[in-house]
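Each remark here refers to the structure printed beneath this line.
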Amino acid sequence: MRIRVVNPNTSAAMTARIAAAAAAVAAPGTLVDAVHSSFGAPSIEDHHDDVWAAAGVLEQVRRGQAEGADAFVIACFGDPGLHAAREVADGPVIGIAEAAFHAASLLATGFSVVTTLTRTCVIADHLVLQYGFERKCRGIHGTDIAVLDLDGADGTCFETILGTAREALARDRSGAIVLGCAGMADLCGELQQRLGVPVIDGVGAAVKLAEALVGLGLRTSKSGDYAPPLAKTYAGLAQPWSP
Amino acid sequence: MRIRVVNPNTSAAMTARIAAAAAAVAAPGTLVDAVHSSFGAPSIEDHHDDVWAAAGVLEQVRRGQAEGADAFVIACFGDPGLHAAREVADGPVIGIAEAAFHAASLLATGFSVVTTLTRTCVIADHLVLQYGFERKCRGIHGTDIAVLDLDGADGTCFETILGTAREALARDRSGAIVLGCAGMADLCGELQQRLGVPVIDGVGAAVKLAEALVGLGLRTSKSGDYAPPLAKTYAGLAQPWSP
Amino acid sequence: MRIRVVNPNTSAAMTARIAAAAAAVAAPGTLVDAVHSSFGAPSIEDHHDDVWAAAGVLEQVRRGQAEGADAFVIACFGDPGLHAAREVADGPVIGIAEAAFHAASLLATGFSVVTTLTRTCVIADHLVLQYGFERKCRGIHGTDIAVLDLDGADGTCFETILGTAREALARDRSGAIVLGCAGMADLCGELQQRLGVPVIDGVGAAVKLAEALVGLGLRTSKSGDYAPPLAKTYAGLAQPWSP
Amino acid sequence: MRIRVVNPNTSAAMTARIAAAAAAVAAPGTLVDAVHSSFGAPSIEDHHDDVWAAAGVLEQVRRGQAEGADAFVIACFGDPGLHAAREVADGPVIGIAEAAFHAASLLATGFSVVTTLTRTCVIADHLVLQYGFERKCRGIHGTDIAVLDLDGADGTCFETILGTAREALARDRSGAIVLGCAGMADLCGELQQRLGVPVIDGVGAAVKLAEALVGLGLRTSKSGDYAPPLAKTYAGLAQPWSP
Amino acid sequence: MRIRVVNPNTSAAMTARIAAAAAAVAAPGTLVDAVHSSFGAPSIEDHHDDVWAAAGVLEQVRRGQAEGADAFVIACFGDPGLHAAREVADGPVIGIAEAAFHAASLLATGFSVVTTLTRTCVIADHLVLQYGFERKCRGIHGTDIAVLDLDGADGTCFETILGTAREALARDRSGAIVLGCAGMADLCGELQQRLGVPVIDGVGAAVKLAEALVGLGLRTSKSGDYAPPLAKTYAGLAQPWSP
Amino acid sequence: MRIRVVNPNTSAAMTARIAAAAAAVAAPGTLVDAVHSSFGAPSIEDHHDDVWAAAGVLEQVRRGQAEGADAFVIACFGDPGLHAAREVADGPVIGIAEAAFHAASLLATGFSVVTTLTRTCVIADHLVLQYGFERKCRGIHGTDIAVLDLDGADGTCFETILGTAREALARDRSGAIVLGCAGMADLCGELQQRLGVPVIDGVGAAVKLAEALVGLGLRTSKSGDYAPPLAKTYAGLAQPWSP
């Protein structure tokens, strides 16, 4: 089984870390193929970055689809381009935010999200509502750590995240923590050990959900809302991405 | 007051019709400036088109912002790029879907949407929920008319829309109709006359809401969620749109 | 265009201030006509006051309708008599609470309300739910300032409101403030300057929304829920108000 | 125990029928005291009637409070003036719509409402939402029978209501019927027999809920939202009702 | 009228106290018959206890049904076995959690729950949502008092509950307190006196609601969801409870 | 990895079919261990069956926990005993209803459930709400096929289910079908082929979700709501199941 993991930002270092996180949990026989878009933002921290990230995701999903990927993971916590990617792909497409929300809600009656910049909380808010987790998700907490500062994260980042998570568990009466950024994947294990509750990294969760769905012979529904994009010729610089 | 109306698709004909619809309702002293993106889809009829439309909207909002626009209208019923555009703009940014929903809910206790392709209903569904109109909006109805077939719409389109609206009013127990596409603006008057209930075109509604907010001295909140996009250099073809 | 602004309380001084606030934002060509009921409470601060205010609103809307008003504003934050007034009026009827909620939700992802007596918060609560703003409205905060103490409001009132608003913005993670009383209209400008976020006064917002709807040729839906009141003879002191 | 049942319309005949319905279910020792307002509409069938009904309710609740009533029932399905009446009364105040909703939700997993004019459905809609029954209430169905036509209701009314109820049970997958008008009380028994499911008349339900609460020594909360109305002098014809 | 009150735990002492609480409010002519299951947990403080409690409730409801009980009360705040008991019983079945929620929402615009172990809050959470009280219930607060420690509760328990209730009223802006355990019934009166707001004990509330429904001639709907359990032979130790 | 699949009914034939369905999708290295309770109903078709099923599930989860199972599946569409089982188990516990809902919502924007007896729809309704799928789940449809009639299901059952599913897809505008009974697992493949949309069997979905969570090193949260059941001695026939 080939799972294409798309990093929606253009940071090669982060793609490598995402690849490692994905590979670490992949089943034997699963081939993880981590890529990033040829264009867009080096980190995704506001709606503006998110818009271009969505376009970049489509570039890579289309290529993956042509190359026979069985499933796709969108490795940014805003799940940019998710619905459009499902139009393009035949196999399942999983965003890491939704993957983490689904996993957490199977392990605890309520969970809290710990994320990077406070201004991104509203993006998670919107996803939580659209996906139906507005009662399971008991709080979304920014740490105001920039995404790329997580790269080679030293102790300071870890301690900040740990502290925010601890407070969130108590204040929100939550039983699990969802990490709100693909770049936090490598902190997951130690956080779980220190906090004593399930800590969910969306990258890993998405890879395993993708494996699960492919293993069940399930693919994205092509009836109705996720039918393939209508063929039309795009103008200007978008022309190469015409469906 | 200068209002930049951004058509998120690349059809010049449709931009002209949107410009006319906007100009028809603009107050004396309001300068409507209708533009379309230099890239993207000629019509927006699925999530894939919507992703590129969002990027195109940002191109034009940024230009409008540089050129001193006082407010912006996003003239596609999926409100593509709305939140990102609000990060970019100082003045108000109004999507035509939200504008129509707000207007309708001031005139009737419930309304129904009549739109183009059935597959786009889910896009409206998501907006309705995010904006909080899930109880006021009593139904979203596709006509399976393609967006560009509305251009120079002959009697067939009109009759289909009229029939769908009539059925919707009865079945949904609604008191108003929201037209689910910028391309339906010029049918609005006659539909209203024939149906005997308020029929709301989002383009007009958005222009008037923009005028209202500017007239009140109100601008997009720059505290928190809609703060200006963080400065960073985008890669590849997105580089010129780096914030 | 003639907009009748109905102050649902019987304080002439407050009517004058409301008239000034309305006139200050009205477009050239808009005639604002501020009135108050011939009966009812001098200020509206609980459900009991609100009931009589609703009846008073109908008195004035009926007169305005007879005198050819194009639209109506109900200038009390509980929107008393709103639905009944829409039955009476042909043109749009806008409550200042709903107007402020609609405006705020176009400028920020979430807003907070700062109002007068804490006991009135539940009235706003009920409106927020009925209108669909229960997710956009992140908090409703009483200051326990009596409505008529706002009249000729000295620095104390202002500072209390400013402080409550500041706390609300932080605690609720909000991007805008809605003022929860028509009597706060003249504090709006300075509050906005001090707080650095949009501050919305419902009186101004309602006037501009009314202008917008009239400008679009839209009137209250007369099909179904807002059809004219059924003709019948009322008994006792209500007899003169028989529909 | 003295329960004052307030008919919010001014029809003496209907008050008599309401009195009979209340007396028929009252416990030994309960004194039912049915009254109607000295002013207002002879039947309540739209928002306009409802506004004046609310004022009339206050007249009678205040008098009942002075005369030592232990509890109050508001015998119109729109529960007019409910919150204000609770400010005035020390004992419990029960609206017949809420009473019927509460009772029905204890007997079936879902219920349907059968009411008079279709245009009143929206009033019930608003109550259902405010009270929290939006999932238990699976449908609200108008029969377009005028309230006063129920008076001395012949077979035609009965058959229409029966037919509408039957259809509602099937279409809504409901297990109980709520009658949406105080004037339907005397049809309740036969409807129940014919339909084979619980049929709830709000007048009876409200009387028994009032008895239950008084029997428990419970009174309306006077802390916060339902504190007594603030003392102030009302103007004009409302002067005698100043709190 | 015979009301069978089922204590879902197996503590005879608690059954006696529940019987006393029920009898204290029962109308003349109401025969309260308090029983407990022959099997299960001595106190119900987690989901595991709750599962066995549900089975025990069925044992006693079936017996009560055979012996001609007119109504049933399930006297544990998790309402264990409620829906199944309604399948078995012809008369009304009332859980004490739902009874308390219904009563509280008739007396105040919002209420708070004070309960025993914090871990049981999630059980109440689930009920609140299922019953539709998620907006009326403004907070659920654990005291971490074990259920059986309430038995012969000394001053410490009382003071803890009082303190938690006081804090809840202020923090949640609530107007009433719901006691979250049948074992708190005898503290109800004094708490009410000390707090100055309605304090609702579910046992009493359920008895009075049962009386009310029986007095109205209403029984559990047997059409659809609560039809009698299908006849089948259970295996193993459950065999005697085959429907 | 050892996954214990608990059939909550006592039909050995159905356990065998569930075992086969589970084994068919299990990864190499996953040991599926299908069992059923020693007591309870031969099929679960109402709330009464469900109560005893929950107790039976606990019997088997406790045994599985003692025998070192890594995860548990509850193979009945009502997810009986789910929360209590999570208190008992260290590893993840997955109900087949929730598993199917989660999977479906990753493949389509909305899904419909096709189940057995119509009277069980309300059980699914309650789960859908508790889990947060009330917007994704667009309809729950009974076929009125008894659970055990699915055993050795001939063409009639298949055709009925197929027909109901087809109608559901059209009426609900859904993109996927969830099968509402463990006994439908072996029809899944052919249904999917005939319907052309994803058809989700909860047994398979739950096994793969369990594998996914175990593969991620995630276990049930033991902090708070799912802490181990409190140690206490149960009375009577429940004594052997004392925690």
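Residue numbering begins at 1 within each chain, and the chains themselves are lettered A, B, C, D, E and F in the order written.
Going forward, contacts are C-beta pairs under 8 Å (C-beta built on N, C-alpha and C of every residue); 3 or more make two chains touch, one makes a residue touch a chain.
Since this is a predicted model, take the numbers as computed values, not measurements.
Under the contact definition, chain A and chain B share the contacting chains C, F. When the contact pairs of A-B are matched by residue number against D-E, E-F or D-F, over half are shared only with E-F. For the touching copies chain A and chain F, the fraction of interface residue numbers used by both exceeds half; the interface is of the same-residue type. The geometric centre of chain C is 29 Å away from that of chain D, both derived from CA atoms. Between chain B and chain F, the centres computed from C-alpha atoms are 44 Å apart.
Across the assembly, chain F contributes 83, 109-110, 118, 121-122, 129, 135, 173, 224-225 as residues in contact with two or more other chains.
Chains touching one another form the pairs A-B, A-C, A-E, A-F, B-C, B-D, B-F, C-D, C-E, D-E, D-F, E-F. Contact residues on chain F toward chain B in their complex (touch as defined above): 109-110, 135, 173.
Touching chain F in their complex are the following residues of chain E: 10, 37-43, 45-52, 54-56, 58, 81, 83-84, 86-88, 118-119, 121-122, 126, 129-130, 224-225, 227, 229-230, 232-239, 241, 243. On the chain E side of its complex with chain D, the touching residues are 25, 27-28, 83, 92, 94, 98, 102-103, 105-110, 131-136, 169, 173-176, 189, 192, 196-198, 200, 204-205, 208-209, 211-213, 215-226. Listing the residues of chain B that touch chain F in their complex gives 118, 121-122, 125, 129.
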